[in-house]
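So, here come the structures, one by one.
Paired with subunit B in one complex and with subunit C in the other, subunit A is shared by the two complexes that follow.
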Partner chain A sequence: MTGPGREDIPIAADDDVVRIRQVVRSYAQRARLSLVDQTKLVTATSELARNTLTYGGGGSAVVEMLGEGRRQGVRASFADSGPGIPDIELALTDGWTSGRGMGLGLSGARRLVDEFTLDTEVGRGTTVTVVKWSR
Partner chain B sequence: MSGVERIPILKIGDVLLASIQVDLQDRDVLALQEDLAEKISATGAHGVVLDISAVDIVDSFIGRMFATIAATSRLFDAHTVVVGMRPAVAITLVELGLTLGEVRTALDLEKGLAILAGLAGDRAAR
Partner chain C sequence: MTIGTGRSDNLAELLRASGEVLTRRWVELAAEPLRGRLSVAELERELADLYAAILAGLDTGDRDPNSDAFAEVRALLSEMSRRRARAGFTPSETAVGVFTLKRAMFELLDQAEIAGGLAEVVAFSLLLDAFGLWTFETFAKAREEVIDEQAEQLLELTTPVVKLWDGVLAVPLVGTLDSARTQVVMEKLLESLVTTGAAHAIIDITGVLAVDTQVAQHLLKTVMAARLMGAECTISGIRPHIAQTIVGLGIEFGDITTKASLADALRHALRRAGVDLVAGDRRG
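Right after this comes the complex of A and B.
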């Protein structure tokens, strides 16, 4: 395995979403995720990065390599200091949206990964962390 | 910040072809939507083919834009076919829960053009 084990990426504009997709793709390849799993993880992080930009007013992402025994994985975490999510259950429902998306961002991203953590507080911000492991 | 990446739109007979070869930013997709509407209206094309064989991810924003392009082209009596979707993208879209609405899909450009030719035949028969 070569390359950095961790990368911090600011999310302030459209092209940062593309940059995050590229970084996550390269980490997923290094972690030897299958092509389908790479695509799932990159798609999930694209949704989450856009959420951070659109609803959180921008923020930052951290992408990390994980190693656990023989298994390798990628963790990506998206943090903003935006308004937070008042009703988590509602926000995780398919079809619910407060913005320009299709309401699949959070619920869809959760289905595409192995681990999904949502930490949010109204007025403080939101952090979403996802992990995908090699099989 | 880089500028908008303009996706070239080619005209083949009555069909417009846009082949997406770059990692799309949101504003590139919006620009494509506007350019296609302009071009359909100017040429009277009866069909639009979006070639996504080089696209390695389609998220909900990009997917929704395909549906919007299809709905807009319907207002100009044109149909849209998305061709060349990669298997990994298809599997991911289903799990994401995204349906492409009115958008027709075909395995490749040839089959996409055949679908559009069939639809144009229906239109001529009306």
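Right after this comes the complex of A and C.
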């Protein structure tokens, strides 16, 4: 058995963020990502999961194994039905925060992964999906 | 039971015809050792899915537990084992879900005539044995995962502040850090600075799996607070992959002193404290 190919994890508390980090790390190891890439992906997902919790009011994460020819990858997606992000460009600006953070989570996560999509609508919610491929 | 010598796919037919009676008895037998720790409705759902998958497999005429015909059965059993392992059931309480089907089948055979013959009953019985072992195996793997996770979480809980030298405190951070725990550790360190009057603190992050903005923010705030209290704080043990990730995130540690290892940080602290370190000449 090689382990599950997909996992749904609710995000409702701090512990869930820790759990997501652990799941993503084990997927990244199975996808044979290098230690640096594992750490980058885990850190990015940690940021996004916490945003889902803090700003989205909670939601859920889906972690998936990807296979494309000889390449393997991990996709993690974070969805909430919170307030949405009114100004995406501002939210993705280094150092900008509407709360008391460093304002580096979202923009930093984007730099740490290979693919980054942000889907948000005011009043409807936010979904951020990231992918990291093995090299 | 009456054993005939007819065709060989009659077992599947019998199982299908008696599906309802058989699964009811199966659920009854399987529920007994679990003593209400799992709802009957949940068990019914699990076993009904499993039963359907087993029938579909048998229909192909295949009797090899590792063949594609039974891939669905194996997947369902893996899921079931993982759930049981996480919920704290024992391996026997998990495998009983498979072995009780055998008992239910034998009870049924007592009353029915099976045209497929002894060979067919034996083949099915062997198949169920193999599935039972499969649940044991996946259960063991899932248990290992749970234990790993718990060990990791335990590490996070035990983070002591140690005195390395007169006036030099150190706190090693280990594992994956969540907000609450990092904050506890940092507060503990600041308290210790007050009670010991130490002028230097070292936060060693060699054992940290990842530094995200939240952990970084806690680190920065602690260093600033220590400064206000007149103490200098060094961060040591930033490993290469963590360093690259910190840079990727865009975090800047500014004028905070960072050292590769705890030993380097201690040497730095001692030099600041005016302690002379002399390379150890071996005395003749």
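Definition applied: the second predicted complex is superposed on the first by the 134 of 135 C-alpha atoms of A that agree within 3 Å, B and C clash if a C-alpha of one lies under 4 Å from a C-alpha of the other, contacts with A are read in each partner's own complex, and residues count from 1 in each chain.
Heads up, the rule we're going with is that a contact is a pair of C-beta atoms (placed from the backbone, for glycine too) under 8 Å apart; a residue touches a chain by one contact, two chains touch by 3 or more.
Not measured: the values here are computed from a predicted model.
K.L.:
With the two structures overlaid on subunit A, would subunit B and subunit C clash, or do they fit side by side?
P.N.:
With subunit A aligned, subunit B runs into subunit C, so clash.
K.L.:
Once the shared chain is lined up, is A:Thr43 touching subunit B (first), subunit C (second), both, or neither of them?
P.N.:
Once the two structures are laid over each other on A, A:Thr43 reaches both partners.
K.L.:
Once chain A of both complexes is superposed, is A:Val17 in touch with subunit B (first), subunit C (second), both, or neither?
P.N.:
both
K.L.:
Return first, second, both or neither, reflecting whether A:Leu90 touches subunit B, subunit C, both chains, or no partner chain.
P.N.:
After superposing on A, A:Leu90 lies clear of both subunit B and subunit C.
K.L.:
Using the superposition on chain A as set up above, list the residues of subunit A that contact both subunit B and subunit C.
P.N.:
14-15, 17-18, 21-22, 25, 35-36, 38-40, 42-43, 46-47, 50, 94, 101-102, 104-105, 107-109, 111-112.
K.L.:
Within their complex, state which residues of subunit C touch subunit A.
P.N.:
Result: residues 78, 137-138, 141, 145, 149, 152-153, 176, 178-180, 209-214, 216-217, 240-242, 244-245, 248-251 of subunit C touch subunit A.
K.L.:
Show which residues of subunit A lie in contact with subunit B when the two form their complex.
P.N.:
13-15, 17-18, 21-22, 25, 35-36, 38-40, 42-43, 46-47, 50, 94, 100-102, 104-105, 107-109, 111-112
K.L.:
What residues of subunit A sit close enough to touch subunit C in their complex?
P.N.:
Against subunit C, subunit A makes touches at 1, 14-15, 17-18, 21-22, 25-26, 35-36, 38-40, 42-43, 46-47, 50, 94, 101-102, 104-105, 107-109, 111-112.
K.L.:
Which positions of subunit B touch subunit A when the two form their complex?
P.N.:
Checking each residue of subunit B against subunit A gives 1-2, 23-27, 56-61, 63-64, 86-89, 91-92, 95-98.
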